[in-house]
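Naming follows writing order (A, B and C), and every chain is counted from residue 1.
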Amino acid sequence: MSTAETTESVSAIVALDTIEEFLSYLSPLVDEAKLAFTEDGLRVAAVDPANVAMVAVELDAAAFEDYEATDTTIAVNVSRFADVLAAGRDSLVQLWFDATRRVLEVQIGATEYELACIDPGSVRQEPDIPDLDLDSTVILEADELSHGATVADIAQSGDSTRVVLGTQTGPAAFVMNATGDTDTMDITLEADDVIDLQVGGDVSSMFSLDYVTSILKPIDDDTEVTVDVGDGYPTRFELQFSEGFGNVTYNLAPRVQT
Amino acid sequence: MSTAETTESVSAIVALDTIEEFLSYLSPLVDEAKLAFTEDGLRVAAVDPANVAMVAVELDAAAFEDYEATDTTIAVNVSRFADVLAAGRDSLVQLWFDATRRVLEVQIGATEYELACIDPGSVRQEPDIPDLDLDSTVILEADELSHGATVADIAQSGDSTRVVLGTQTGPAAFVMNATGDTDTMDITLEADDVIDLQVGGDVSSMFSLDYVTSILKPIDDDTEVTVDVGDGYPTRFELQFSEGFGNVTYNLAPRVQT
Amino acid sequence: MSTAETTESVSAIVALDTIEEFLSYLSPLVDEAKLAFTEDGLRVAAVDPANVAMVAVELDAAAFEDYEATDTTIAVNVSRFADVLAAGRDSLVQLWFDATRRVLEVQIGATEYELACIDPGSVRQEPDIPDLDLDSTVILEADELSHGATVADIAQSGDSTRVVLGTQTGPAAFVMNATGDTDTMDITLEADDVIDLQVGGDVSSMFSLDYVTSILKPIDDDTEVTVDVGDGYPTRFELQFSEGFGNVTYNLAPRVQT
């Protein structure tokens, strides 16, 4: 290793709940992830192995109790890190990166855990996220989406399943629907049923239900989610956490409608 | 299809809890069931594939918020219907039968679900229920029966199991008992232990424990159940729901005592 | 059977919770156990099939609502006895030993259960417990130990796992640690972190994590556990229950450190 590496440094204290929530948004898509610390905060971008869904999670330095970092990118096993936090018996976590041994030291109360870092080069590189200008935008509570996913699954009897997300103009509404071998389901949420609705036309795109269900799983029922949809385009789910200091964006590629 | 079918019609609004409870009493015995709507209300009678247990569930038109029906019999997949209700995000359900497409439209809040109907001819025909005059009758809370089933299972170590239900005259009591390879269990509920007790003699009949356990599963612990038993005869469990507008009757055939 | 056996007698009434808790401390290690009743109370000593862990549970006669016994040793299936208690619908249990039929009659409310006794000769004989004088002693809440076991498991990724228990002198602390293929964990509990700490030196012993986890499972999180440890010696966990009338001691053999 070159001496240049010794400039990498991370020393931070953060609420256990906050860093746990951060990791929870990665778990549905990846086992390993690259944590990029900069002086502004922590950012992770990742793509699932099938290249269908991307996630970017950001946590501002202001969300930490204490935060000092130079540009440092480390890769870790997400679920093992999450397990250590879940077992934590204190409300605060201290993180310190040992650049020489390439170990993330995780201190929670009397417990010190050394999480070995992975070679960042072995972690799947996330593609650039296209800056799509999608037609319609709805803001609604996460459980409206989860409910749609649940009923779509029933209508398709648990077979390899799809769900269509879109908007309609007459009357203006966000729509979710699914068609099984015998049953169908349609959810029509008009402006009064959601927090905000901007309809850009009669548009719809079809998505893998498994991905939608996985992405929604860690999101609390009453979390406000902003959904952008187009016609045959990817969809984007966006939400805030940690009193607005945290931000999560999912981009999900559409399935071809048959 | 003949034009006569166009006279079939169902249009009803009912509390989600009520129709969910209705279906819950069918689930232990059958996957598919025929729903018979008349102007008086809804009735289902069904028998399990092994012909051991019959169930009849009735819900009076007065239990509905709104009810209009001509004689209409449709067959549905019980668990799929129950799943749609379980996912419901509103307290009311609107049911409407599309006689042309033979689809039951289930509307719950913003969610419209089209439940395809099955050919009623493909659903097992329930036998006539013999009007047995059984010797003894006890009224007790459902969890007294569930407790008996649990302990009977322990005594028989989970092997193919039986439970005996009966009454004794000295002192007057409702009894449940089971005999395993090494252990035995006896429950003796006298008049003071139950809500009502009418003993017609020293009688007992043996039943499959699996059936008893299945039948009891959807019944709330504190529900009053009327149990009629005879000597080597079927037993009958009866209970009310929906403030008395709903009625459930199970008839369970005895096993031969060895 | 000889007439001498007719002198065996047990007749007792005890709180269901108390006898349930008694059995819960045996369940992690053995399926069958010998219950030794004397006029002073009930005592069980048992060793697991691999001869790694011993348990002794004692319940003073004063913990019973009513207690009369001559020297009587019976062997029973622990989990079946526990299941009958778990299903109990009353706060008191009446125990009566039928010496002629070698059956333990368990009466809970209206339920009478006859638990067949096993031949005590068929139950593994417990070895004498060596009266070790271990170096260090810590008293702490059970969940401190459970937490250590959980994190040790994470560090070793669920492989065949070990945990080291010990004490250090500078600063004085009770320590738990584990080393996995890539990660490590260290818990250091100083005097302020525990209820009491007596450090006899820098000592440590390694144990099978599976045994530690099993032993801790029935113990309530806030139960005070006294842990005695030495250097390469067995460890001893001791706790009280039933307002001090019950006592539990586990002795766990060390694994050879590699």
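One rule holds for everything that comes next: a residue touches a chain if its C-beta (ideal position, glycine included) is under 8 Å from a C-beta of that chain, and two chains touch if they have at least 3 such contacts.
Remember, it's a predicted structure, so these values are computed and weren't measured experimentally.
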Contact graph of the chains (line, ring, star, complete, other): complete
C-alpha-based rotation, chain B on chain C, 0 to 180 degrees, nearest 5: 120
Same or different contact residues where chain B meets its copy chain A, judged by the half mark: different
Chain A-chain B separation of Cα centroids, rounded to whole Å: 45
Contacts with 2+ other chains: residues of chain C: none
Chain B-facing residues of chain C, complex: 80, 83-84, 87, 89, 110-116
Chain B contact footprint on chain A (complex, rising order): 143-144, 147-148, 150-151, 154-155, 157, 182-190, 193
